[in-house]
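Here the structure comes first, spelled out in structure tokens, and everything after it is commentary.
We call the chains A, B, C, D, E, F, G and H, going by the order they appear; numbering starts again at 1 in every chain.
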Amino acid sequence: MSTMAQGGAGEGRTPAEMGASSAEKPWVGVIMGGKSDYEHLAVTSELLTQLGIPHEVRVVSAHRTPDRMFEYASTAAERGIEVIIAAAGGAAHLPGMVAAKTVLPVIGVPIPATALNGMDALLSIVQMPKGVPVATMAIGKPGAANAALFAAAVLSGKHPELRERLAAFRGAQEAAVLRDSVIV
Amino acid sequence: MSTMAQGGAGEGRTPAEMGASSAEKPWVGVIMGGKSDYEHLAVTSELLTQLGIPHEVRVVSAHRTPDRMFEYASTAAERGIEVIIAAAGGAAHLPGMVAAKTVLPVIGVPIPATALNGMDALLSIVQMPKGVPVATMAIGKPGAANAALFAAAVLSGKHPELRERLAAFRGAQEAAVLRDSVIV
Amino acid sequence: MSTMAQGGAGEGRTPAEMGASSAEKPWVGVIMGGKSDYEHLAVTSELLTQLGIPHEVRVVSAHRTPDRMFEYASTAAERGIEVIIAAAGGAAHLPGMVAAKTVLPVIGVPIPATALNGMDALLSIVQMPKGVPVATMAIGKPGAANAALFAAAVLSGKHPELRERLAAFRGAQEAAVLRDSVIV
Amino acid sequence: MSTMAQGGAGEGRTPAEMGASSAEKPWVGVIMGGKSDYEHLAVTSELLTQLGIPHEVRVVSAHRTPDRMFEYASTAAERGIEVIIAAAGGAAHLPGMVAAKTVLPVIGVPIPATALNGMDALLSIVQMPKGVPVATMAIGKPGAANAALFAAAVLSGKHPELRERLAAFRGAQEAAVLRDSVIV
Amino acid sequence: MSTMAQGGAGEGRTPAEMGASSAEKPWVGVIMGGKSDYEHLAVTSELLTQLGIPHEVRVVSAHRTPDRMFEYASTAAERGIEVIIAAAGGAAHLPGMVAAKTVLPVIGVPIPATALNGMDALLSIVQMPKGVPVATMAIGKPGAANAALFAAAVLSGKHPELRERLAAFRGAQEAAVLRDSVIV
Amino acid sequence: MSTMAQGGAGEGRTPAEMGASSAEKPWVGVIMGGKSDYEHLAVTSELLTQLGIPHEVRVVSAHRTPDRMFEYASTAAERGIEVIIAAAGGAAHLPGMVAAKTVLPVIGVPIPATALNGMDALLSIVQMPKGVPVATMAIGKPGAANAALFAAAVLSGKHPELRERLAAFRGAQEAAVLRDSVIV
Amino acid sequence: MSTMAQGGAGEGRTPAEMGASSAEKPWVGVIMGGKSDYEHLAVTSELLTQLGIPHEVRVVSAHRTPDRMFEYASTAAERGIEVIIAAAGGAAHLPGMVAAKTVLPVIGVPIPATALNGMDALLSIVQMPKGVPVATMAIGKPGAANAALFAAAVLSGKHPELRERLAAFRGAQEAAVLRDSVIV
Amino acid sequence: MSTMAQGGAGEGRTPAEMGASSAEKPWVGVIMGGKSDYEHLAVTSELLTQLGIPHEVRVVSAHRTPDRMFEYASTAAERGIEVIIAAAGGAAHLPGMVAAKTVLPVIGVPIPATALNGMDALLSIVQMPKGVPVATMAIGKPGAANAALFAAAVLSGKHPELRERLAAFRGAQEAAVLRDSVIV
């Protein structure tokens, strides 16, 4: 995919110009179970920046730092966070447990981190019981990218300018395919 | 689960009193591939009503009425729809194709309608490529219920009263478990 | 299986005579995500009783009562609990999250409660990351029974009389098969 | 496999001599969700050329260019296209959605493009509901090759010379195995 | 689905009036591994009749009558058969072996006949090696119905009137959904 | 594993001395769908040689050479073949179709040759319907080795010296593990 | 299937007349993990009787009677047993462990006894490591029937009259299909 | 993960100082089906050493050395072993068979050693029937590490100092995540 397509929403502006300076209070909290997950999640941060959405990226482990996880989830709303993106592999309890401690929308990204290549994380994230939803994305990088786009869609209810940026992103994406679609 | 828990958000009021009269313009469009899917989706409508969220429920088939699907998706925003919930079984293309034609948040619910008992629908809905997200819920009724709750969470950015209703729903749900938790 | 085989460890004695009176402080905490899981877990309590192991059975939901879950897990040891058996279906976060909040041995039982018939719960319980183990049993009733027997095996390090009861249980079980093994 | 076996249908002739010049109106439209899928689809074009079947190869994305997809599908017949081969990975909605917009025969090829290695694409393509069929081939290159051979079989109803070319291809293929079948 | 939708292609005419009399030479051979498979395949015959396509339905077992299978496959073309629909469960070798003995288009339908509920048959039918394609449909009845529709699409290259009947079928199908699409 | 363990049955003798000269009529026919499968099957031939069992190794493709396959299967017994080992990947019809054309014992080996890594071949080989058995081994090299050992076990009914060689093989195998079993 | 087809090998004779009196020393030992497995295994005994093969049927549990299992396996050959058929569900260790203690041919039948419907037993039985083969049949009743037929094929090396009975069985089976193969 | 986190329980002391000298009688027996499994199991021994738990590591194969396995299992308790960790791949019968011959707690670790990447071993280990439990850990290295930690949890009933070391390990693990949790 060309840079044009990916850069469609914020072409020619720096993140700061788009309103994503790190000084600003984050709208989106991106958390993951371990630092190695960031290999998959980097695209999430890139797309949020590109769409001008202030965000933070943190390691919060459901199993190794359960108290920190509960504190993060239960204080996110009062800190101004509007959407949480949580990524995890294997048993992947992070998204669901965060969702249990907040009524903010939680987006889950299954990471292919074990011998089962993400199928374990997918089922663990998506099969939430009635009462506590997690919006599950595809396994790995496609899901990590879409988590950013879906966060933007959620935020666009309150921040209508994001709807336009998303439409521009889609338009650039479509144009990139159309521009170069003849193979034989 | 007691009626208390389920009724927490709107106890003692009729749907109309809560603002969900059918005369009002819907905030949420609930669509499904076939009428038989409503067996799974009835709970979605019930919970939306309970949370006071105006909505409509329609049959829109990706494969049997593709033009209607595109029209529904591309005109939803201008009709005032803010979130789309799309349910489908088997190949389950409805949620992803609707998402391709709108930048509104689309929530997908996999229906167990084939010999593979929903695993086909789950993978078909969740494994969206980079660029077009679908927020996937659990297979069947738990996912159908959570689609309503997640829609409420999305809407609560713009409609803050929903955040309180969601918190009340969670509180009632928690209380119902705590009230009756001793077995032996 | 004959009653002999099942009753081997405590034949002819009431639970109270075997030391499992409810007045006693429980050694094993049996928890499950919802009351309907008890259909699968009843055998756990029966076998613990039969082996003379004081225990309690509680509904503790990871997603609907997260604070209660953390409190249960973090205070279990000081209440004298020596082993926790946690059962859950679907996303099945209960065993892993309890294990994150205690260093007591936690035994997990996957419940077949969704369209995926327990495969989701199995993967969610067993695929724990390095650092926080859950001892996973088979899906459903066989696993629920074995959770009791494994708890007894764990306890027998400190309570050697349990090793003998387990050996008697095994002996009775073996005898029941041998007694009646000719079909054609 | 020897070149003989693969080249059986059109040995010694150029594609143009066999009637597959790009100037001619295509009988088969080969479309795929993204350019990277062509790694798997190149064999499709090669075999169509070898069998003397005029064709075109295009990138048409169900999710990134939905309108283009509908236009492609709904105008294919009037442009003289007789068979459509559609390949996609992940959620893989392309074949099924194209099939929803045409009554031409649509052949689907699942591409192994995600962490699930094509199982997602296979189920998404094959599990079409009653009313809109997609003729699904094997995952990846074997399926991409067979899509060309199956398109030839479909076309041979109207173009009987293709039946002979297919028979020659099969004959060469059989001879290649028989020629060299003794290992020990 | 209303009778209207299913009957769209041949409403008001008997099979004979539509040209599907059993006296006519069959265009489509429908074969299955065992008589019990007809429970799934009845819809195939019904739809072929409805579309006015002469056909025969036979039990031909790959494993119990291998010679009969080879004879059926290798003489089908000279008997005037233009498309073969082959259904099988379990190891499901029938479609692939028939395809190995003819260059006619072969459509495969996986039957859910074992403990694995059709997943075995699906993989066995669809995962054909390069060189011998089988056009695989969905597991069970949806696939059995679509096999008839796809056979019609294949035949419509040579028999253009079928293209119109298929379009009418699709139109009736679409109308049936649209007529009755409002639930709430 | 040491050479001792593998060589246990025929240590110090050449294949010819053990009676496996290629001049002798083969007792075991080893066939596979394609030459590339021999990468997995080489061990089969090695173990048969080591156990002194005359055999032949041939490429026989169910799909590319169906007539050759039927001829091979139906004439094997009269040629003195007593056991057939058939290996195949993907749809993997070879073992089951050979079994349909002979009453000799047929041993099937699933080859991991596709994106599904042998699961397709395993199900296609093992899920044979009532009436025509195939003795299925593990996927890939372990199964290919065991096919040789199982063929020896079958042959040892008529050729009792093989039972002793198998026992010697097992003894050497056991000794090799015991000799070197202390790690820490 | 008609009684003719099933009764083909021994029509009109009692088991005793066919040489399968219980007074005779068994050639085949049929064992299973629990009495409830006999629901699936009854057909095994019926077919062995029909083919005139003396046999015994016993419950031998790998986990509940491990010593009995080892004794059974290690003394089978000296008792005159020539083939062992072992059936088990779930973890299904019986066939593999019996195979580890004998060089007789061991045939394994996976029983669908758990929430995973036999997939667990299939993998546990078939995925044996290099060195100790188990001839695995299909899950459940088809596999149980085929175990008897495969045992007959194995025995026919030493007992040539069985080869003729198997051929007659196959002939009757084929005739039954052919007699009644026209549906439409 | 930093060395600090892993070394938390025994920082600055040698294994001997922590009481894990090889002269001491082992509390934990770590066994595996083959030497190559030690690639996955090394971390088990490292963590046991770090926690000051005397242990031995042995190759014991269920299939190649069944008698040795039974002897190991049935004499472990009298040798002072308190917990057995058994790892195996493929059919993976070792943990379950050891559990059948002892009432000591047995922990099973599935090794990804075949084409199915550990799913076979997982199901074979975890799906034990009622009566004989195996405490199953995650597939591969995470499970191998957790087996050591779970063994420590089991032992801490009798050896309370281990509970403190486990708590220290957890504390160090938590601190390591918290220390370094800000990414963006």
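Some observations on this one:
The working rule: a contact is a pair of C-beta atoms (placed from the backbone, for glycine too) under 8 Å apart; a residue touches a chain by one contact, two chains touch by 3 or more.
It should be emphasised that the depicted structure is a prediction, and the values quoted were computed from it without experimental measurement.
When every chain is reduced to the mean of its CA atoms, the largest separation from chain C belongs to D. For the pairs B-E and C-H, the larger set of C-beta contacts lies at C-H. Chain F and chain G have centres, each the mean of its CA atoms, that are 21 Å apart. Inter-chain centre distance (chain B to chain H, centres taken as mean C-alpha positions): 45 Å. The centroid of the Cα atoms in chain A and the matching centroid in chain F are 51 Å apart. Separation between the centroids of chain C and chain D, computed from CA atoms only, is 55 Å.
Across the assembly, chain B contributes 34, 64, 90-91, 114, 116-117, 119, 126-129, 131-132, 138-139, 142, 170, 173 as residues in contact with two or more other chains.
Inter-chain contacts, as defined above, occur between A-B, A-C, A-D, A-H, B-C, B-D, B-E, C-G, C-H, D-E, D-F, E-F, E-G, F-G, F-H, G-H. Within the complex formed with chain B, the residues of chain D that make contact are 33-34, 62-64, 66, 70, 89-93, 96-97, 99-101, 114, 116, 119-121, 123-129, 131-132.
Interface residues of chain D facing chain E in the complex, by the touch rule stated above, are 43, 77, 82, 103-105, 107, 122, 126-133, 135-139, 141-143, 145-147, 149-150, 153-158, 163, 166-167, 170, 173.
For chain G in complex with chain E, the touching residues are 112, 117-119, 138-140, 142, 170, 173-174, 176-178, 180-184.
Residue ranges on chain F touching chain D, taken from their complex, read 22, 30, 34-35, 38, 45, 55-61, 64-65, 68, 90-91, 114-117.
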